[in-house]
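Multiple structures follow.
The following pair of complexes shares a single chain, chain A, combined with chain B in the former and chain C in the latter.
And then the complex of A and B:
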C-alpha cells in the first residue's frame, strides 16, 4: 500500500520534511517499543509503530531500511532526531492514537505482520 | 529558482535540485565565465559591430574606453540601430550604460539571482579593481554546472569501483581491511553511528545487502552494549577479508557475571532508565547469535568483555575474486 494512502487513512502528520512519493510503499508493519525486538522482527521496508521518539529509533530504522516510523500517543521527537531522520531518509510520522489502535487500523487497511 | 507549486517534486528530483543548488554556491563565477571576449570601443561604428557580431557569432559585447567598462551593447541595440538605418553612428549612441555587473570571485548563485531580477542576457564580470575580466551568460552557468555534476558523478563511480575492487587489485598472502571505532559510554545520541558506517563500508566494498544487513544488526547490538553497559566505553574492530568478516568489541569492564544467563533471551541487567528508552529487552546477544555464524564471548569481572563475531562468506558472496587475490600455493 502507498504510504500516502496510509498517511491519509490514519490521519498521520509528518515530523520530517520529506516528499512522500508514489514509490514509497509498505505492506508490512511491526510494533514494539523495545529496540532489540524491532531489530529481530521488523523486515525490510516495513512500518514501525512505537511510542519511542528518541534519536536511536532512527539508527535502528536506518540499519533495517524501514520505510517509516509511526510515533504514537503524541510523543515528540526532538530536532536532532528529525534532522537525522531527514538525513537517513526515514519518514517520521505522528499520531495521538495508541500503538494498539494504530496497529488495528493498519491491519484493517491490509497491512500484515513483518 | 524552481517552481515547486506547479511541479510535484519527487525525491530523486529534489536530490538533484539540492545538488545543483549546492554547486551554484560552490562554483565561482570565474570558473564558468567566458574569458576570451570581443570588446568594442564607444567610437566604433555600428556597422563594425554588426560585422563583428556576425563573424564571431555573438549577441553582445562590452564597451571599453581606455580599459574602463563604460557600457554594453546587445543585439537588441543593434536591431534598434538597423531599424533606424543608422549604421554609421557610433556605438555610444546605442549602448546601454546602466551596467549590471558581477564580481569574479562571487559564487555562481549571485549571477543566477541577478539574471532572475534583471532582464539581461549577459553580465560583465569584474575583478577586485573593477576591471573587466569576462562575460557570463546563462549558457555559461548551465554548461559549468553540468560539467561539475558529471565530474562529481564520475568521481563517486570511481570511488565505488576502487572500493569494490580493493581485494582484487591488491595481491598478498592474506589481505584484510581493518576498521576501528571508539565508543563512549552512555553516548546514546551517537548510538548506531559506527554500525551504519560499517554497513555503508561493506556495501561500498560490494557486500550483498543481506550480508551487510546481518553485520549491521549484530554490530548495532554490540555497539549499544558498549554504550549501555561498559564502564569506560570500548572499541569496535572490524576486519574484512575476502572470505569472512570478523567483528569485535572490546571493553574493560564491568564484565558479564554469567555468560550463559546473559545469552538467554529476555535476560537483562539494564537499568530502569535505559529500559525506558526501549533498550535492555534482553535480546541483544540473542539477536547477534541469529545474525552471525560464530560468536565467542570472553568475559571476566577483572578484565572486561571481548565479543568476537564472525560471518563466513560463501564463494559467490566473497569480496573480490577469491582465487585471484591470493598468492599461489599459500593458504
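And then the complex of A and C:
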C-alpha cells in the first residue's frame, strides 16, 4: 500500500519534511518499543510502530531500510532526531493514537506482520 | 596509590524490589566483611536512605558515595554517582518533577521504606519508584555531568532495563563515564560489539538486593575515594586504573 494512502487513512502527520512519493509503500508492519527486538524482528521496507521518539530509532530504521516510523501517543522527536531522519531519508510520522490502535488500523487496511 | 575494593551499585529497603534486610547496619557489616572500601547507595529514582547509610558507616574505613539508579524515559537504568549528598539532592529535585505520580502498591512491587542509621522505620515513600522518569538518557547524563557526577548505564546487557536491549546499540554521541555489565557477563562480550565506545571502562557491581549479594567485583587503584579519582581510574589517567577481581 502507498505510504500516502496509509498517512491519509490513519490521519498521520509528518515530523520530517520529506516528500512522500509514489514509490514509498509498505505491505508489512512491525510493532515494538524494544529496539533490539526491532533489529531482529522487523523486515526491510516495513512500517514500524513505536512510542519511542529518541535518536536511536532513526539509526535502527536506516539499518533496516524501513519505509517509515509511526510514533504514537503524541511522543515528540527532538530537533536532532528529525534532522537525522531527514538526512537518512527516514520518514517520521506521528499520531495521538496508541500502538494498539495504530496496529489495528494498519491491519484493517491490509498490512500484515513483517 | 591505594587499592580500594568498591561496589558502586546497591539497593536499600527504599527500593521496592530490595529485601527487607537491606538496612544500613546490615549493609555496612556485609560490606566491611567483604573487604569493600567504597560503596555507592543507588536506590531506584531516590536518595532518601543515603545519609542513614553514611551515618551507619561512621567509624569504619568505608566511604559511602551518594548515588541513584535513575530510570530514563527509554526504560534504561542509569547509575548516577556523586561525592556529596548535596549533589545527589540536586538530582533528586529534578527527578521529583519528572517521576510520574503513580502510587506504589506494596503488595505487587514491595515496600519502599525510609529508615534511620539503625534501620528503624521513619516513613514509607508513597510514589512508585520503579518507574520511568521523563528524562531521556542524554538529558539525564547532561544533568549528572553538570553536577560533576558519574553517569554509568547499568547492566547494559540485561534484558530488563539494560541499554542494549532498549536501544539496540550504544549511541555514539553520549558521554559514558563507564559501562556496567551484568555481574555474570564477560566484558569481552561488550567490548567486541561494533558500537562499543572505544576506551570506555567496563565494570561490574553487585546490584545487591540482598545482603549476601553485596560484592566488590572491581578494585580501584587511586589516591582517594572520590569521584575525581574514580573518573581518572575509568580513563586510566595518572596511573589510576581499575581491575576486576574474583569473589572472596
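FYI, the second predicted complex is superposed on the first by the 114 of 114 C-alpha atoms of A that agree within 3 Å, B and C clash if a C-alpha of one lies under 4 Å from a C-alpha of the other, contacts with A are read in each partner's own complex, and residues count from 1 in each chain.
The definition used in the following text is that a residue touches a chain if its C-beta (ideal position, glycine included) is under 8 Å from a C-beta of that chain, and two chains touch if they have at least 3 such contacts.
On a predicted model such as this, the values are computed, not experimentally measured, just so you know.
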Fit or clash - chain C, chain B, common chain A: clash
Touched partner set for A:18, first chain B, second chain C, both or neither: first
Which of chain B and chain C A:35 touches, first, second, both or neither: both
Contacts of A:54 with chain B and chain C, given as first, second, both or neither: both
A:62 touches, of chain B and chain C: first, second, both or neither? first
Chain B versus chain C as contact partner of A:76, first or second or both or neither: neither
Partner chain(s) touched by A:109 [first = chain B, second = chain C, both, neither]: neither
Stretch of chain C, among 74-82, 92-100, 110-118 or 128-136, that runs into chain B once the two complexes are superposed: 74-82
Common interface positions of chain A, toward chain B and toward chain C: 33-37, 39, 52, 54-56, 59-60
List of chain C residues in touch with chain A within their complex: 73-75, 136-138, 164-169, 171, 173
Residues on chain A engaged by chain C in the complex (per definition of touch): 33-39, 52, 54-56, 59-60
Interface residues, chain B side, partner chain A - complex: 8-11, 14, 188-189, 191-193, 195-196, 199, 213, 216-217, 220-221, 224, 277-284, 286-287, 290
Contact set on chain A toward chain B in their complex: 18-19, 21-22, 33-37, 39-40, 50, 52, 54-60, 62-65, 80, 88-89
